[in-house]
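Structure in structure tokens, see below.
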Amino acid sequence: MVKVVILGQGYVASIFAVGLERIKNGELGYYGIPLANELPIKVEDVEIVGSYDVDKSKIGKPLYEVVKRYDDGEIPESLKNIIVRKGIHLRSLRNLPIEAEGLEDEMSLSEAVERLVEEWKSLGAEVFINVCTTEAFEPFGSKEEIVKAIEENNKERLTATQVYVYAAAKYAKEVGGAAFVNAIPTLIANDPAFIELAKESNLVLFGDDGATGATPLTADVLTHLAQRNRYVKDVAQFNIGGNNDFLALTDKERNKSKEFTKSSIVKDLLGYDAPHYIKPTGFLEPLGDRKFIAMHIEYVSFNGAIDELIINGRINDSPALAGLLVDLARLGKIAIEKKEFGPVYEVNAFYMKNPGPNDKPNIPRIIAYEKMRMWAGLEPKWF
Amino acid sequence: MVKVVILGQGYVASIFAVGLERIKNGELGYYGIPLANELPIKVEDVEIVGSYDVDKSKIGKPLYEVVKRYDDGEIPESLKNIIVRKGIHLRSLRNLPIEAEGLEDEMSLSEAVERLVEEWKSLGAEVFINVCTTEAFEPFGSKEEIVKAIEENNKERLTATQVYVYAAAKYAKEVGGAAFVNAIPTLIANDPAFIELAKESNLVLFGDDGATGATPLTADVLTHLAQRNRYVKDVAQFNIGGNNDFLALTDKERNKSKEFTKSSIVKDLLGYDAPHYIKPTGFLEPLGDRKFIAMHIEYVSFNGAIDELIINGRINDSPALAGLLVDLARLGKIAIEKKEFGPVYEVNAFYMKNPGPNDKPNIPRIIAYEKMRMWAGLEPKWF
Amino acid sequence: MVKVVILGQGYVASIFAVGLERIKNGELGYYGIPLANELPIKVEDVEIVGSYDVDKSKIGKPLYEVVKRYDDGEIPESLKNIIVRKGIHLRSLRNLPIEAEGLEDEMSLSEAVERLVEEWKSLGAEVFINVCTTEAFEPFGSKEEIVKAIEENNKERLTATQVYVYAAAKYAKEVGGAAFVNAIPTLIANDPAFIELAKESNLVLFGDDGATGATPLTADVLTHLAQRNRYVKDVAQFNIGGNNDFLALTDKERNKSKEFTKSSIVKDLLGYDAPHYIKPTGFLEPLGDRKFIAMHIEYVSFNGAIDELIINGRINDSPALAGLLVDLARLGKIAIEKKEFGPVYEVNAFYMKNPGPNDKPNIPRIIAYEKMRMWAGLEPKWF
Amino acid sequence: MVKVVILGQGYVASIFAVGLERIKNGELGYYGIPLANELPIKVEDVEIVGSYDVDKSKIGKPLYEVVKRYDDGEIPESLKNIIVRKGIHLRSLRNLPIEAEGLEDEMSLSEAVERLVEEWKSLGAEVFINVCTTEAFEPFGSKEEIVKAIEENNKERLTATQVYVYAAAKYAKEVGGAAFVNAIPTLIANDPAFIELAKESNLVLFGDDGATGATPLTADVLTHLAQRNRYVKDVAQFNIGGNNDFLALTDKERNKSKEFTKSSIVKDLLGYDAPHYIKPTGFLEPLGDRKFIAMHIEYVSFNGAIDELIINGRINDSPALAGLLVDLARLGKIAIEKKEFGPVYEVNAFYMKNPGPNDKPNIPRIIAYEKMRMWAGLEPKWF
């Protein structure tokens, strides 16, 4: 059994919840879950024990009702039992058409942290899955600075994610171990301050930014070219979608968080910084969660020949990430059992766009996959 | 030094020749050559010592003149010294607008084989690179059948490639070792009869069908999906070009040779035989050597979501293969030195569409690359 | 009111039937029907009075049940009242996995024609919509030959469509007027023999081959280029689908019918026969009715610059044609009223891939649209 | 003979100059020039008599040298005779890596206008072609405001283009007629103040923003859908390039000018404002003048079916516009002769993204083409 607490009950978390219950009910196969039923912990063993959000219209509602907003099918009854709790918002819903409400509106951040830790104890939380809206953030220089910002109730300095990690660390220290899966771009598993905090608090860190969408595919295509020693002249990658995450990214500051993560793959995989334009490009409401991607890559082959690749796709954003989360919840529990606290590179290199810790590079996903399997105690598939 | 004999002085062989000389002259970098200058044998050490063709308008001409038909740039003077010799055609130029002429027109196949072996001895040949036109062929059941077909001068049963391999085996046995690189779809490294012949004759076999174009890319994209446990509903892959190879493939029988090779990747990589349509599609003269490819892949993600990928490209056919041949020539020599006769799977799995021997599957190219490096005595790059 | 008889109750006819009823029930808008509610005859006035097929599993069944095979939604009850009747098959279902049964199995073609004419009289038929499977066929040289083939019961010479048109002509002559909409590639509105027959029999001819899918779009894109005097170097157009029509086109003979129609646009619109490869390419079952198209166009712009366009799409085959048929049924009635018998070029030029009569060219669809409006008594939209 | 003065000797103007001379020398055909040799004024009759720029490194140089920067081929000697003159820059090169220098640096704007008018008289200018860098601008409310801004030397209020038009109007009034072709997005033929000024000054206005690239193609594709009454759910259109124009568009203000023009086609052609994202997207230097475009259109067909189109392209930006300019120069002279001063909608509707005057809509290009031909005294091609 893995007891999961959701932080941010939006599209991804809702698909995660509904998909999990459908699998338990035998209505759905394991598609989209990389390790399917290969792990000792079964997909059916993952249980959502708590859910947090800051959208006024969700707080206090059963998951069953929230999930309905994101999935047209029949919603499993079992989701009626979980009630969405009030979380931390800070600046996270700024400029979205959502009325936000957070614990910090009624108490200090320190008190909010205490409150969360107490709630989590009562829930028996093991793995925290952070799928808040993409934030504009600033990394911390040292653990002390984090502590200070919390104590001084510095709401301008901190983001929701940063406060959640702080609370999760406090919780992990008290209960002997927990895992934090940071599926958004805020640097956590790549921020030395949070790494230090996590290590000394028995907190496993998976992060940062779940590796879904166009970027991991670009990574594998660039590896394909690198292995044939083709010289990449330029890479353009656009994507546009209609979910709240794309709406949030129309904010310049948030967009930067994303751009940073996405661009690092080019140099890491090619060995040189080929000119590139890789950014979330825009918001177009009718596309919904099924984003449109367009990629253009130009490269030099033997004898100076110029080749060109164009990749387009329609990709469901939230299910792609939700499927990875089913693995990450289980791998989080395995890491706790292995007592591998702090960032686990073997896991992050496959599942995360910006794999922590910060001093580790992107490697080809196809190879990262094999290493991750071995870390998890499975046979490599092809190596 | 690696002494190379070309069999089939068409587009690929001409780009190979001109590119090599340009590199030696310092006019061109190593782009498109996977192992670049990492091997102990340098790119500059590869030397073409002989060239064979069956196009009447090429036989007896210096390489310098033949190569001009395929490359607009300035042709290196050094190619003036090699004269194209008369090879074997059998049915290989049937239905192409080319007047063919072969040794078998003037003598029996046995005599032709003798003649070739003698010529190769005088040239000091080490590696044979077979880049004939795609053939319609039938594999052999046993080594004895091959011998019999040659002895009986059975021109209907044999293809040019099959005769060349037979001759190369005879030659290798006499001189103590040689390598045959089969870059076309005719089953050689996958035909148990030829494998047996090669092993007992000290002949290294690299083959079959050089892994360029859309298929290896499809392989890596399918691996990308398989690793995320996405269920592939269907794969369509078209390609159309304007070079002689595409013209040859308008012949139904030849096309089948190609289709077979291309399709095997689906089951090998996904683990199930997803419905697919993967075939060379047509000939369109103005596209020239820069073919157009179009691929469509539909798959199921988590929670039953349906995603779609479309990949298009303009890819120079001949340079892509020519770049691989620069490695294969050198790896051929290395294999001879290692005395690894018969098909070398570690090399074939990366460089060949249909990696021999026949009982070995396709594996993801990105992983095959690392294994090939290790076979060649290099560090893996990421593993 | 327009009384319609369907010939070939497959995918297109089923979507036509179900869509019409949904519109009448107020469940669906006019999308996909070019003239929507602009004509004096309303969409709601179109009524299916008869339906013919030769699939044993459909004959005798209510439309309600047949239509269910092609549409997942709720099927309008009103379709329970029409029973599918036995038609003519001749060679039309050859090499499809369907058990066929036709009137000609029990009687001579002349008798079958008589029988059909009698049935149509009892139904009060006005417009015949022919959406049989694509046929391999041979045009007729003269009206007399058609008559002779029927009289001699020459089943090898005739296709189902040709017999249906003959019967429709006979019927039209007797009742004073009818319209035949030939939405498949068999040459009817382009066959001088059938044109003569139609003219003297008061039969309106709309045809040949409904202009849906990639070809009309290609036509407009080529026009776009022609108007800017860009020189088209080459055009490749692939399409692959999973419905019965694509399965039928895997038959070489049928495919030729289609290829002919599609290719004529190039010369008609550009004024020169740019090298092109425009063919239905393959069958891939899971794509269903939503085919995948890929198009590549290369052209020369000012100062010798080379540009390139690639167009991909997923297009629902049957609804596209079904929407046009709603117009054609109404325009058929208008033509009868106008007594414009034989092929009506103004209508065909917009709605048909191969607009009859045979001596008329393709013109840009965007212009044909305006001319068709004027023919129908509507204001041009932009001209 | 048409005497042309270039305003802004960048990529487009250079390709225009070199292409024209090559045609005169018989080295190049008429490809990319819509009306080719159909007009009474021949392509060979167009003569560049003056050229203005504000890039310090171009001023005073012969066209021959400037043009070399943009074209790899052999440059016609005839371009040695034209020397690039100093123009007006105002804010036009802000944030580009170019050192700018303009007449307004040494004198007041009124004096600069006088100077230009005098120079143009000596050159015998007839048609002005404005191909300055895209500007951030504010339209004028009345002719009086323009006059006032010039007189008060208000450099903040005016852009280079606005000053050039003012000078051209003054010139036209004095010499009895001239034409101004505004090929950039600054509103001129759509600004009532400039329209008034032009009409009373005998100045023909062609504008605004030359209709090249993805937008006119989108227009024709949207028309294609509108004519079939397909309901467009959403349109996304990206484009990225590596020329100075794309670099300039990374400036937010300039980008807005462009976005406005591009977006208006959606409502004008569909009749409703389908959600869209149509913007120049980014700068990627190695793409050079051959931009990459990606378009995604989703629409509803009959019976509620959802179709999807994806269009990609590599398009040479400058030659596309340069080819149109060859027509516009000749049509400008024809308009002068016809005394049609102010904006000429018949011409603008085909050649301009935002066809002036402002109260006129976009119409399908394919139809605009026919109307333009008729205005120019030619037969329509298909209508």
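By written order: A, B, C and D. Residues from 1 in each chain.
Just so it is clear, contacts are C-beta pairs under 8 Å (C-beta built on N, C-alpha and C of every residue); 3 or more make two chains touch, one makes a residue touch a chain.
Since we're looking at a predicted model, the values are computed, not measured.
Visitor: What chains, if any, are shared contacts of subunit A and subunit D?
Guide: Neighbours common to subunit A and subunit D are absent.
Visitor: So the centre of each chain is just the mean of its C-alpha atoms; given that, what is the distance between subunit B and subunit D in Å?
Guide: 51
Visitor: Please report how many Å separate the Cα centroid of subunit A from that of subunit B, as a whole number.
Guide: Inter-chain centre distance comes to 44 Å.
Visitor: Just give me the whole-number Å value for how far the CA centre of subunit B lies from that of subunit C.
Guide: 46
Visitor: Multi-chain contacts only, two chains or more: what residues does subunit A have there?
Guide: In subunit A, residues 308, 310, 312, 314 touch at least two other chains, as defined above.
Visitor: What are all the chain pairs that meet the touch criterion?
Guide: A-B, A-D, B-C, C-D
Visitor: Give every residue of subunit D touching subunit A within the complex, in rising order.
Guide: Residue positions touching the partner: 233-234, 236, 238, 240, 275-277, 279, 281-287, 292, 294, 296, 298, 308, 310, 312, 314.
Visitor: Can you tell me which positions in subunit B touch subunit A when the two form their complex?
Guide: Interface residues on subunit B, with respect to subunit A: 15, 18-19, 22, 28-36, 71, 216-217, 220-221, 223-224, 227-231, 290, 300-316, 319-320, 322-324, 326, 350, 363-367, 369-371, 381-383.
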